Each structure stands twice: as C-alpha cells, then as structure tokens.
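These are the structures in question, set out in turn.
Below, chain A partners chain B and then partners chain C, in two separate complexes.
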Partner chain A sequence: MVSDPYLGKYTTCVSARSTDKEILQKAQDGGIATTLMVYALEQGIIDGAIVAGKGDRPWQPRPFIAMSREDILKARGTKYNISPQISLLKEATRSFGLDKVGITGVCCQMQAVRKAQLYPVNMRDVPGKIALAVGLFCMENFPYKSMQCIVEDHAGQSLHSVKKMEIGKGKYWIYTERGNVVTLPLKVTHKYEQPGCHVCLDYVSNLGDISTGSVGSPDGWSTVFVRTKVGNDVWSKAVASGMFETKPIEGVKPGLELVTKLAKEKIDKNRATVEGRKTFGVNKALRDPYA
Partner chain B sequence: MSKVVEISPTTRHEGHSKLTLKVNDQGIIERGDWLSITPVRGVEKLAIGKTMDQVPKIASRVCGICPIAHCLAGIEAMEASVGCEIPTDAKLLRVILHAANRLHSIALHNILILPDFYIPGTETKINPFTKEQPVRSVAARIIRIREIGQSIGMIAGGEAVHPSNPRVGGMYRNVSPRARQKMYDLAREGLVLAREQMEFMIAVIRNMQNREFTDVAGKKIPIPKTLGYHSQGVMATSPMYGSSSLDEKPTWDIARWKETRPWDWYMGEVTIDLEDPSYPVGGTTKVGTKANPQMEACTGVPTMDGQPVEVGPRARLATFKHFDEKGTFAQHVARQLEYPDCLYSILKCLDALDTSGKVLADPIPQGDGSLGWAANEAPRGTDVHLARVKDGRVLWYEMLVPTTWNLPTCSRGLTGAPWQIAEMVVRAYDPCVSCATHMIVVDQENRLVAQKLI
Partner chain C sequence: MGLLNSIKKTIGGEAKPAGVATEKKVEAKKEAKPVANKIKLGHVHLSGCTGCLVSVADNYLGLIKILDDYADLVYCLTLADVRHIPEMDVALVEGSVCIQDHESVEEIKETRKKSKVVVALGSCASYGNITRFARGGQHNQPQHESFLPIGNLIDVDVYIPGCPPSPELIRNVAVMAYLLLQGNADQKALAGKYLKPLMALAKRGTTACFCDLMNDVINQGLCMGCGTCAASCPVRAITHEFGKPQGQRDLCIKCGSCYGACPRSFFNFDVIPEFEGISEIIAGALK
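And then the complex of A and B:
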C-alpha cells in the first residue's frame, strides 16, 4: 500500500485502456469507468450502477440507475457540470430494489458515499449495499449556466452541436459535430467554476475503490489507482478476463509526476482558500468545511 | 372491602401507561382503569395551517411501530377531504406497504408477549432472548419475519419505518420490475416462516389457555376461563386495509362516533392501599400514594353509539370472518391468524401491480374545507384520521388511533381477572400508547385545563 499526501492511499497504479471498441468510440479517454461498471454488472458484482446520463438540456447530466450494458453506455464521456449522483443512492436500494449498488462520481461524491457509509443518517440499510465506487479525477466543476457561457459566449459554439468537451494541456477544448475545434485558456474559465470546488482537498478521488482519469497517461489511455480490497478484486478479475490493456505507469509519459504536480497545485491552492476563509470578513469567518 | 393496587408503569408494550385497579379480598379486579400516561404529542395542533403534504408525514412521527398506518390514514384523510382518486397501482403499493407493516408488527408483538407464556408441556416460561433451543430458533424466525416485513415496506414505501414514498395523490415513484421481484421473493420466504410461527404461537397460546395457574413472582395465580372478557362491541372497517369517506360504501360511520372525556369514564381520586414489592419489575406503587385516573388519563375516549368498542385483530376477524371467541387468548390467536393474510395480500397485490403504471393522480385538487376521513386497519386496530383541507392547507385534523379505542374497552375487560395478570390482558391488545395520547388534560397542579375547549 502506497500512501501519498496528494494521491491518497493506493495499492496499484497503472495506465490502462478498455479493449471494448464500442465503449472506446464515445469514451472520454480509456473508457475505464464504463468498462468497469459493465464488467461488474455482467459478473453480478453489482445489480445496477448510478451513472450520469442525459438530462433535459444538451450536455446537462442527470443521474440515473443503469441496470443493463446499454444503459451504462449511455453515460459514456465527461459532462463538465454537476450531476447529483448521491441523490439516487438511497432510492437505488428502495424502489429500484438493488442489493449491490455501483456508483461513479467525482471526488466530493466519493466523500459523500463514504460519509453515508460511516454515518448513515437518513441512509438506513444503504451502507452495506454499496458494492463498487469508482471515483473520477476532478480539478473543479461548473454549474450548467457557466458551461453554457463558456461554450456559447466565449467559444461561440452552440451547445447542441458539441460532440466532445475536454480539459487538458492547460486548455478547455470544445469539439463540434461539424469539425470545429475551439480551445480556451483555463484562465478564462476559472471565474466560472463553482465556488465549493475551491475548498476541495482531493484531486484523484482518494476515497473511491478505484479511481481513474486521463491525467498522467497518453491520449486515449487513463491512469488508474486501485485503492481498496474490493477495488483490487474487481480490477484484477477484469484485467485477467481481458477487459483492459495495461501498461506500468512508470513506463508512460507524462506519468505520475504530472498527476502529483496537478494534485499538489489544486490541494495547495485550495488549502490556502480554506485558510483564507478563516479571516474573511469583519469579526467573522466563512465556514471551514473540515472543522 | 376492596383495596386499590397500582401497576405503574406497565411493561412490554409501546409507550407509557398504568393500571389502577380496585380489587377484592381475593385479589380479583372489581374495577380496573388502564390509562395512558405518555406525554402528549400535539400532532393535531401542529397540523393546523400546514400543507396537506406535510401533515401525514408529521402524523407518522407520532410513533415508530405503526407510522405507516398513520401516514397512510393521514394521506387518505387529506385525499378524502379534497376528493382525490388515486391510480390503481398507487393503491396496490399502499396495500403492500400496509401489509408489510402489519407483518413486522405482529412479529414484534410475539417477542413482547412470549415471556408471559410457557413452553408447552413444561413449567418453563419463555425467555425469547435465551440461547437455548427451541426458543433460539423461534427468536431467529421472528427476527427474519420482521426483516422481511421491513424490507418489503422499505421497497414499496421508501423507508421501513416512516415511509417517504406515499404522498397525497398517490405515490412518488412506482417500483422497478426487479424491486417487484425482490418483494415477491421475500414474501414467498416470509409465507413459510409466518405459517410456522403462527402454528407455534397458537400452540403456545392454547397451552396457556388450558392451564389452571400461572406463576407471577413465585406465586401461583389462577387463570380464569373468562380472562379479558368484556361486553363492549367490536369495530373494524376491513379485513386488511381500510376505508375512507371517498368509498362508494364506506365501512365506518362518522355519525355514530362521539368523543367523550376521561372524566366521564375513569374513576376519581383513590389512595393506594395494597402493595406487592415482589411484583416484577420493581414492585407496585407504594401504599399511601394518591392516584387520580380521571385527571391523569391523557387520551380522549372515543365511543361508537355511546360505548367504547374493541378494535384490532379479533375485531377484524369477528366482523369479517365469523371468529367467535372472546377474551385475551382469542385476541392473541386472532393476531397470529393474520400472519398469512398479510403475505397473501402482498403476493396478490404484486401480481396485479404494473411497474410501468402511473402512480400519481393528475390534477390533485386543493380542497374546499369539506370534511374527509380515512380509516386504516393498523396492526392494533382501526386508525381513523379526519381532516378538513382548504386551498392545500389543513384547517382541522383529528386522529382516532387504535389504542385510544381500546383503552376504555380493555379497562372493562379487566374485571374478574386476578390483578397480578392484569398486564397480560393489556398486552393482548398489543397496545401502542404513545400515538393514543393526543391531548393535555391537567396542569401542574393536576387541575383540568379548559375542560370545554378539549
């Protein structure tokens, strides 16, 4: 078990890619989260998964409970705004009748899942039913209106026409169906981030069973941290059955160095925000979420 | 010369209550008063001005054993007031939820009453917490039946205890096909266990009924053949679910109901002059203590045609299934006979349930202030809620809960029993006292407060 102040605890870290061509077609990077959930569902490790599906408006995610491969595939790709995954966590064990729930989500959502397990207030009978939690790397998130502003006002594209969005190499990338590619420097998008993200001290979903994200691996591949016994069990079986191709993280560029660098950047910056809030205002402070 | 003995508090049931008993020289009760001493909840006053969606959820918090009955009765009283018909699938989900609640409640009651009974053929009273067989496997079966009841309730109702899924106009969500199958599997498993449990309990109850004596604190107490007999009537609205003023043929008649005060039903001030320090647990009230049931009782006394009535499993079976036994043991037997009924109801509803069906009425009327009532057959009897809703807000709300009906009736049933087994008579009603408490009668000096207003 490796314990890193910025990358959390993990047993294994690899660079990986799904071997499923259909998943890769629309996956954000290596298709790790989708493939893991499909594998877990097909093997009976989970009965269903809470994933971010399509909402009412273009590129607006809405959590739903996927109980088949087709449903899980509908959730491929990153949508850069908020999908309230935890809102369905209890319902999954109720009217959906799931005994083994899989859940995907970003860092703060993994924290919420673990908190629900540790202090199951209003979460009766939920803790033991969470069978697999796959966390995603997350630098920050945007409210829907912010993303609309970025795409429509700054990039001048219509949200309907967007095929893929991506944050990488210091830029916000927007690809449209007709082939337009717009890049925006991140300093333009910073002001649109939701303020809650600025006190988050987690970059690589330290509390997931498995966490994954593009940073650290080459294009089309993802970096995967296996963190728990449950995660290790699922991951090793999935790799053994040929669901993933893997490379040692030490052998790929840019590798763990970049992940650590970005994690450090986020966490140090946000720690400063948390500190700054203590003396914000006159004779009063903003709430410290970690107090 | 009669003496007064008081058992306070009574034990092994929900809530706080006490027994003030006038007994003769042989210790046989001449007049018994069983009264609630649970602090008032005040739900009916809290309800005024709240939205019709909030009130049933608040009402369900009155207790933790049959909150489902209160929630459903509350919701249906609102629906009856506003005149809202709900979709069939929503009704089916409610019946499933209701039956699941009754199932787990009966199992819980088994645990509470078993220490009064003997293992058939022995002189050993049952301790449901012992590790020894056969009691150990009975306890395990009871726990599993409760788990099954609560799991089914959790799926159909959103929560095992205070259900979140029911709402005015139907239900928030229908269940998935997988959830329906899960409930079906649980009910099938439950049916086998419930049948075994029913047979075990009936054997234990009949064994007790045939005994001449029972042991209380080392003394041999005779068991009269007429234990718990009373000559009050019975009231039930349905064998399983209930009725409301929206029904084509409502089975409860509001015109026959009249609420009276404990003042009219309970005895006045008495001084305790009989004491038994060996009575479990901790002895009876000390000699010289004063008791005043008229003042201390904090329930109303609802009557039908001017008389208190019995509600509960025996009342249901007597009304709808020609069950003709009376008394404490008949009540116990009737309750066990409801075990399979609950599961058959669940299975029947699951067969009829369309998981893609609509479960919410559209539109939901907001009400014009007319009176609506709904009676729900809670595990321990008829739970009637009455409401007036205008423009979505509750103008008036009243809960006539099962134990409120049973308190004065059971008081009559105590006559003729040795006082040492009076608690057995009480327990046969499966009392749930906290919800029965719904008004404040006395002030700090024990004076009746504003008698005319309450």
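And then the complex of A and C:
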C-alpha cells in the first residue's frame, strides 16, 4: 500500500487499455471505466451502474442507471460539463431496488459517495450497497453554458458538430465530425471553470475503489490506481479474464511524474484558494467547507 | 491506519481467533452475568411520528447486537416498560417540543438533566421539520400549536438529521457513542473525530431548509453539482438544472437533510478518507 499526499492511497498503479474494440471506438482514452462497469455487470458484481448518459442538449450529460452493456456503452467518453451522478444514488437502491450499485464519477463525487457511506444523512440503504466506485481524474469541470462559450464562442464550432473533446498537453481540444480540430490554450478556458472546483483538494479520485484518467499514460491508454480491497478484487479478476492489457507505470512516458506534478499543481493552488477565503472580505471570511 | 488497526483489534473488527473466543464466552455467560460496561441508552418520544424509532429498529440484527453487547435500553415508551426518565448515558430524542404541553417541556428538561449526551434523533428534534408547519386546531388539544426543535429549549450535543434518519447513521452514532464512553484512548479519539461534525451541526442552529444550500454552499461558491442533495431529499424537492440544485421551496419540509448530506457542508479529511477501515470497524462491532 502506497500512501502519497497528492495521489492518495493505492496498492497498484498501471497503465492500461481495454481489449474491447467496441468500447475503445468511442472511449475517451483506454476505456477503463466503461469496461470495468460492463465487466462488473456481466459478472454480477453490480446489478446496475450510475453513469453519465445523454441529456436533452448536445453534449449535456444526464446521469442514468444503466442495467445492460448497451446502456453502459452510451456513457462512453468525457463530457466536460456537470453530471450530478450522486442524485441517483438513493434512487438506485430504493426505486430501482439494486443491491449492488456501481458508480462512476469525478473526484468530488467519490468524496460524496464516501461521505454518504460514513455519514448517511437521509441516505437509507446506501452505505452497504456501493459495490464498485470508479473515480475519474479531474482538474476542474465546466458548467454547461461555460462549455458552450468555449466551443461556440471561442472555438467557433457548433456543439452539434463536435465528435470529441479533450484536455491534454496544456490545451482544450475540439474534434468535429467533419475533421476540424480546434485547440484553445487553457488560459482562455480557465475563467469559465466551475467555481466550486477551486476548493477541491483531490485530483486523481483518491476515494474511488479504482481511479483512472489519461494523464501519465501514452495516447489511447489510461493510468489506473487500484485503491481498496473491493477495487483490487474487481481489477485483478478483470485483468485475469483478459479485459485489459496492462503495462507497468514505470515503463511508460510521461508516467507518474506528470500525474504527481499536475496533482500537486491543482491541490496546492486550491489549498491557497481555501486559505484565501479566510481573508476574503474585511474581517469577514467565506465559509470553509473543511473546517 | 495504525490507529484503525489497533482499534479493530480491541473490538474484534478483524476476524481473529481470540476475538471469536471472547465473543463466545460472553454469549454463554450472558444470562448469568450481563456485559458489565454497557452504556445506558434511552429513547425519548416527543412530537414525532415514531418514524425515527422505526429507523432505529430497522437495524434489525444490528440493533439486537447493540442491545446485547453495547447498550441497555433503559427508557423507551414503545419498547421498554419504564415510566419515568432515568439516568442515561445517551438519550435519543425523537420529535419536537410542543411548548403548550407542559409535560413535553418538563420531559425535555429532565432529559437534559439526566443524560450525559443528548442526541437529536431525526429532523423534528433537530430542526422542527414538518412540525414547523403545525398551526394547532387538532382534536382533542386544539391549542397545541407551537412546536420547537429541542435545541430551542436545551443544549443538544449531537444531531442526526433525516426524515427519517437513516438506520445506518443511527447505528454509526450508537457504536461511536459507545466507543467514546467506554473505549480505550484510540477508540475515544476515533469516536471524537467521527462525532465532531454532527456536534458542529448541533451548534450551528435549530432551523433548516433548502435555503441552507443556497446560503452556505451555492452562494458561498462551494457547490460543484455532485447531486447529493437531490438524493438525500425525502420529498424530492430538489432537481438539477444545468448541473446545479434547484429546490422547489414549497415542497421543502425543512428537514435539513440536503445540507447535512452535502459534501461541501462538512467534509472531515481525518475521517472520511478512512472509509474502508471505519466501515470495517463498525461492521466488526456488529458482527
């Protein structure tokens, strides 16, 4: 068990890619989250998974409870705006009657899951029924309208035409169906970030059973941290049954060094923000959520 | 983790032969010699619907285990044949206080006097909840119209918000209260850390509403649209528009669940990241 101040606790860290061609077609990187949920569902580890599906508008996510491989595949890819995943946490156990819930989400949503397990305020039937929580790396998120500003106003593309978006190599990348590739420097997108993200002290979903994201691994691959007993059990079974190809993280570029660097950047910056809130007004502080 | 492991050892969280053996011995001797260091637990029923007590009971075998090994139920109008409030270590108070009913007023004062720890069990005791909407006029005491959360009459130590509060949270608080009162130094430290945010809620005030999310989370620039509030709302008054909570305030029953559940109301980094170990400790204590 490694315990890192920025990367959290983990037992294993590898670079991995799904072996499922259909999942990889539309996956953001290595298709880890999708493949894990499909595997867990097919093996009966979970009865259903809360994933980010399609909302009413282009690129708007809406959380839904997927109970089949087809449904889970609908949630492939990163949306870069907010999907309130946890809103379905109790719904999944109470209305859908799931005994073993899978959930995917970003860092703050993993924190929410764990708080709901230890301090289940009006979260009856939730604590004992989280069977697998897969966390995603997350630097920050955008409100829907922010993402619209970035894509339509700054990049000049219609949201309807966008095939894929990603943040990497210091840029916001927009790929369209007809082959346009637009990049924006992140200094353009920073001001559109969701303010609530600026007090977040987690970059690589330290509280997931397994957490994953592109950073640290080559294109088309993902970095995977296995963190809990539950995570370890699912991950080792999935790898053993050939769901993933893996490489030791030490052998890939840019590797853990970059993950640590970005985690440190995010967390140190946000610690400073939390600190700065104490002297925000004239002898008046903004509220400290961690006090 | 060192701390968590040592705690597990002392209350038998990890499966280990020694722990099992002691448990069996206790089992065998139970009738002849009750477990010595049990705490005294009481349930005080004021103006509530008994939903909170049902939630206590919904721990099923967990409750039986708590009553076998950790706590004696010394007062509970529904389940124990005791007429007057006795000395208690932990009093779980359900319901708000009708200030026109002098017996209720006396009862809550006496509860405070005779209890080491007063827990507001559920949202009526904590925040008034649905009883805030009472206007009196009910047969056969139509003058009973003013209901206050217990924190308006006495000092309260711990809040367990929820309508009804979830059985799991009641269970966690019961185990932690036991560790706080009867545990070794490590266990006391853990229980203190665990209970701290629930004690802070008790200090924070006696009113609650969806507005708390607006005032203390959204307006403070802390909301990140995770969706927890919507899941915790017992009347489904909260939805998310463009990833942010919208409350139908006419539906809100003022239970305070959304604020208590929100990861940005409180999030203690010395407890929640240890979720795996602490869940094992609690499960181990109730095995």
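Here is the rule we go by: the second predicted complex is superposed on the first by the 291 of 291 C-alpha atoms of A that agree within 3 Å, B and C clash if a C-alpha of one lies under 4 Å from a C-alpha of the other, contacts with A are read in each partner's own complex, and residues count from 1 in each chain.
We adopt the following convention: a residue touches a chain if its C-beta (ideal position, glycine included) is under 8 Å from a C-beta of that chain, and two chains touch if they have at least 3 such contacts.
Everything quoted here is computed from the prediction, not taken from an experiment.
S.K.: Report for A:A112: first if it touches chain B alone, second if chain C alone, otherwise both or neither.
M.R.: The second partner, chain C, only.
S.K.: Return first, second, both or neither, reflecting whether A:M67 touches chain B, chain C, both chains, or no partner chain.
M.R.: In the superposition, A:M67 touches chain B alone.
S.K.: Would you sort A:P143 into first (chain B), second (chain C), both or neither based on which partner it touches?
M.R.: So A:P143 only meets chain C here.
S.K.: Is A:E91 contacted by the first partner chain B, the second partner chain C, both or neither?
M.R.: both
S.K.: Name the chain, either chain B or chain C, that contacts more residues of chain A.
M.R.: Higher number of touched chain A residues: C.
S.K.: Please indicate which partner A:T104 is in contact with in the superposed arrangement: first for chain B, second for chain C, both, or neither.
M.R.: neither
S.K.: Just chain B (first), just chain C (second), both, or neither: which does A:T176 touch?
M.R.: neither
S.K.: Considering only the touch criterion stated at the top, classify A:R124 as touching first (chain B), second (chain C), both, or neither.
M.R.: Both chain B and chain C are touched by A:R124.
S.K.: Once the structures are superposed on A, label A:S214 by its partner contacts, choosing first (chain B), second (chain C), both or neither.
M.R.: neither
S.K.: Is there a shared patch on chain A that both chain B and chain C touch, and which residues make it up?
M.R.: Of chain A, residues 91, 124-125 contact chain B in one complex and chain C in the other.
S.K.: Would you pull the chain A residues touching chain C in the complex into a rising list?
M.R.: Where chain A meets chain C, its residues are 1, 8-9, 60, 63, 81-91, 105, 108-109, 111-112, 114-128, 141, 143-145, 194-201, 206-207, 228-229, 286-287, 289-291.
S.K.: What residues of chain B sit close enough to touch chain A in their complex?
M.R.: 151, 154-156, 158-161, 165, 173-176, 178-183
S.K.: Report the residues of chain C in contact with chain A in the complex, numbered from low to high.
M.R.: 1, 55, 58, 161-169, 172, 194, 197-198, 216-217, 220-234, 240, 242-245, 255, 257, 260-261, 263-269, 271-273, 275-276, 278-279
S.K.: Provide the residue numbers of chain A that touch chain B in the complex, in ascending order.
M.R.: 47-48, 65, 67, 91, 93-99, 124-125
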